[in-house]
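Heads up, the next two complexes both have chain A, just with different partners, chain B and then chain C.
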Partner chain A sequence: MSRHEPIGPQGLRQDGRRADQLRNINCKPSVLSQSDGSSYIEQGYTKCLAAVYGPRETRQKAQILHNKALITVEISLAPFSMSERKKRKKFDKRLLEIASAVKQTFEPIIMTNLFPRSQIDIFLQILQYDGGMTQICINAATLALIDAGIPMLEYVCACSAGIVEDTTILDLNNSEESLGIPELTVALLPQSQKVTLLQLETRLHVDKLESVTAMAIKGAKEVYKKLDKTSRDYIGDLLQKSNPT
Partner chain B sequence: MNVQFLFPKPPPSIEEVKDADGDIDMLLKSQRQKFETKVVTPGEVIAKDTQYMRGHGTYLDENETHLASVAGVVERVNKLITVRPLNTRYTGNIGDLVIGRITEVSNKRWKVDINSRQDAVLLLSAIHLPGVQRRKTEADELQMRKFYSEGDLLVAEIQGSFQDGSSSLHTRSLKYGKLRNGSFLIVPPTLVQRTKSHFHRLDCGVDVTLGLNGYVWVSKPSSRVLNEMSEDDSEYIYSNENEPIGKDAREAIARVCNCINALSKSYMSITDTTISYAYEASLNFSVKEILKLESIELIANQTKQRLKA
Partner chain C sequence: MSSSLISPSELDYIIRGVDDNLRADGRGRLDYREVILETGLIFQANGSARCRLSKGTDVLVGVKVEIGSIEIDGTDEEVAAVKAKRGRVVCNVECSPIASQQFAGRGADDINNELTQLVDRVLNGPQGGLNLEKLCIIPGEECWVVYIDALVLDYGGNILDLIFMTIRAALYNTRVPKTVIEEDKEVEISDDVEEWERIEGWELVPISITLNKIGTRHIVDATVLEELATKAKLSVMVNKNGKICGIQKIGGGSIEHGLLNEMMQTGRSIGQNLILNLDKMLQKEDEINAERAKNDKIGFFAAA
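The block that comes next holds the complex of A and B.
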């Protein structure tokens, strides 16, 4: 099997997954004590830590919105998160773009009208990077917002998919991304089946769009199951702790 | 006369209808509660019926279905459905006792951080001014930092709340006011329940003030008995000087702080009873050792056991 072949003769990908298989997801809510809500999530080798503060008093008076809460998103990439260690500028264009995509994804979902003149801060820290930055950021933020008890319409679950020749593949990792496979990221509202984010940065033939989107949506539903189970288990655990009888 | 003796009827089985105290309703109620403890997550359908009223943590979709907007436990009072999240910011209610920190001094008011979604306001007219009862003057306005300056901690009562979720405070009684001689800590607000009194003097000679907003103040009891009429005492309540605190008192304060931390880490409710149980359980350890995970677990378990007994 050639190193550059994304799918081998047995139909397995470089990391041993099938075409429609997600990477292992591992997640945990409430990992930080200082923040109002936090989460840690691993999708394969991509690892992300999210912290949510708020709703709290707006820091800058000029930014106050009088009818709803202000949401800010900040993403940072740890210097040790990639194979090459390099010092990053604080305002990396790429990170700012992803941050604004995450912000736009959550703005209609969080019930901001309940918190006029307040601010909700979402901080995302990528601890290890192996592809799928946007999706992991959205998933981590969802879990942290739920942990913070911030009202939102429903979960937002994100997943990416791509296409190699005629096979759609789910949840691309870094080596697959760097082969130039077109990657489509979808953020899904699993209950109402609405899509809040659809991101595609390369060219993709329009005939293929439908199958790739369907694949990403399928992946997002899997992510939803995992996130929902995690937060339910966590709540059950807390309930048991608070009344032991 | 034909007398017929009936077989004695067996009494209804005791386990089914009565608990240990012979209280029938309680058992049924607890069974019902156990049955009804329902955990929901955002977007989940709670009820499809339109007869219910929409409470906190829920919303209606276009089909008039009640959906949850937070993850938590469903609570139902008659027709009102609410979802109580297990971890959330504090929302001020009138009459609540809170502990806060001054963040800003502005025109005739202070802004106070009370762990809520908006900073609370404390009006100059809502504090106890030094001296015998009098109206506030312009001189008071100019020297507001003499009463409270940025970073000062205070205990206050919520006087009212506004549309946007912020609240106004008052410290008109001598029970309230600036905090000194102690240590401050933060616990999840849901762990502090409303009780008759939030000022507690523990047996170990430490005062604990439990703010409903999750801010807790552990201090050495004040040696002065305050009198509202005395000019001297009114000056004293705004002083920034700590009294001398001995080594034993410091250690007791630190121990109580660590015990409260241990309780909050194990998500147990924080009351004067649980604190004193945890304090007694912690006496086997040195103050520093209470921070370790194993000792937190031990202390929490012992406290739980005593609560059950």
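The block that comes next holds the complex of A and C.
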């Protein structure tokens, strides 16, 4: 079997993971000084910083929504984040598309009706990219929104899954994505078990859809555990610091 | 914009503090914040570094070297002859909107351009330190192009100084692959990482020291609020040998001639000391990186 096969003879993937294994997730809330909430998350070699500003006064009068808050999402990609250096324009169409997917994912979850006529900005900066742009953006934004203390109905956790022959695999990296493996990204509300985002950009047989979706949901639940533990630990630390007795 | 407002009482507090040589965070006029430095964090780049000024400003720099063609513009033969034997450095500075709300949308365009031009000018001239002739592969045809991309991640004042510091650290961390020219002028790149070399002259890359005139006095390493109280800024680019490699006055106010000289001298001596300290940190960084590799610890916030 050639080394370009996505799954080797021992059932391990190119980067040594099992089929149903997530990449290692490291995350930390509250890493920036100027924003109201921020977070850093890395999933394998994909690394992302998120900053949240607001709720605050809407900057452009024409955009004011009188019954709820306006949410904006902006994604930037560092020029050195991919293997080939590429200076992306700020308004790259692909990034705009992902930004609007992130925005639509969060709009029903953030309790925007509490802040009429105001604005919440979510900025995402990808520092290093190795696959899974949409999912890391959603996960980073969730953590930053929690850090900013913005009321949300529940967490949003995203994960991707794909299928190679008959094996479903979890959390594709860039080299797996570039092999043309069908990739499905799911954003899950872990408490109500609802799916708020579902994205599939290649062809996938209907019979396989269910198992791939189930795999992505399973991954998203793991992400939830990690995010929940991180934010609980962080809040616990803060409490301890403010109340040493 | 709300972030660039300062109240009269805050302003008064800062000016009086500077006058008494005691700033809001306890520093004296000429004290720098603690610099936290990490190198080699981005595996797609040939070199990278991240510097942070205590809990404020944060800059990440990635250096990529790629083979490009030598560009000879202009008709002057002498200039063309020099350019034909040289590699190129391309700089780019970007202020991310995560750093500050003033960089959102198109808000960072002006400052990005200003900083990019300044950094590019300093590093591409003879004062930049780098030995560009070593980057030439086939004279007149191919050379290494060094892409230096700086990204401002967090804004706590004094970004220009930190950008230069981080670029210097990233260049220290950069390795350029060895090349072999074959008979048919095909360039072969060696895969042996051990053979890769640093760009010659990285140690002479200047850093910048920005002096902020507040009231009648001047301070270094201003915070966001102090920058708002600043009348005029003077950035002095200094290299390891204490040579001044560039001066740029920024901001609306004016500086008296007598004070100008004093500010330049202060900048020079502070810069030289800072470079010594940074070099010590860089040497330690090699050991730390070896340690990190053993523990398989990858992460931006491992140090901070």
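Points to keep in mind about this one:
Assume the second predicted complex is superposed on the first by the 244 of 245 C-alpha atoms of A that agree within 3 Å, B and C clash if a C-alpha of one lies under 4 Å from a C-alpha of the other, contacts with A are read in each partner's own complex, and residues count from 1 in each chain.
Quick note on the criterion: contacts are C-beta pairs under 8 Å (C-beta built on N, C-alpha and C of every residue); 3 or more make two chains touch, one makes a residue touch a chain.
The shown structure was predicted, so the numbers you read here are calculated from the model rather than taken from an experiment.
Overlaying the two complexes via chain A brings chain B and chain C into a clash. After overlaying the two complexes on the shared chain, residue contacts for A:12 are found with neither chain B nor chain C. Looking at the shared chain after the overlay, A:40 reaches chain C, while chain B stays out of its contact range. Once the two complexes are overlaid on the shared chain, A:32 sits against chain C while remaining clear of chain B. Within the superposed three-chain model, A:125 lies in touch with chain C and out of touch with chain B [touch as defined at top]. Touch criterion met: A:80 reaches chain C, while chain B stays clear of it. Using the contact criterion defined above for the overlaid structures, shared-chain residue A:50 touches chain C, although it does not reach chain B. Contacts of A:191 after superposition on the shared chain: chain B is touched, whereas chain C is not. When both complexes are overlaid on chain A, the residue A:148 reaches chain B alone and has no touch with chain C. Judged by the document's definition of touching, chain A residues 56 lie at the interface with chain B and also at the interface with chain C.
Within the complex formed with chain A, the residues of chain C that make contact are 2-3, 42-45, 48, 55-56, 58, 60, 62-64, 66, 92, 94, 96-101, 104-106, 147, 149, 151, 153-156, 224, 298-301, 304.
Partner chain A is touched in their complex by these residues of chain B: 37, 39, 41-44, 57, 59, 61, 67, 69-73, 85-89, 103, 111, 113, 117-119, 163-166, 266-269, 304, 308. Only residues 26, 28, 31-35, 38, 40, 42, 45, 47, 49-51, 53, 56, 74, 76, 78-83, 85, 87, 90, 121, 123-125, 127-128 of chain A touch chain C when the two sit together in their complex.
The touching residues of chain A, counted against chain B in their complex, run 30, 36-37, 54-57, 111, 115-118, 146-155, 189-192, 228, 231-232, 235-236, 238-239, 241-242, 244-245.
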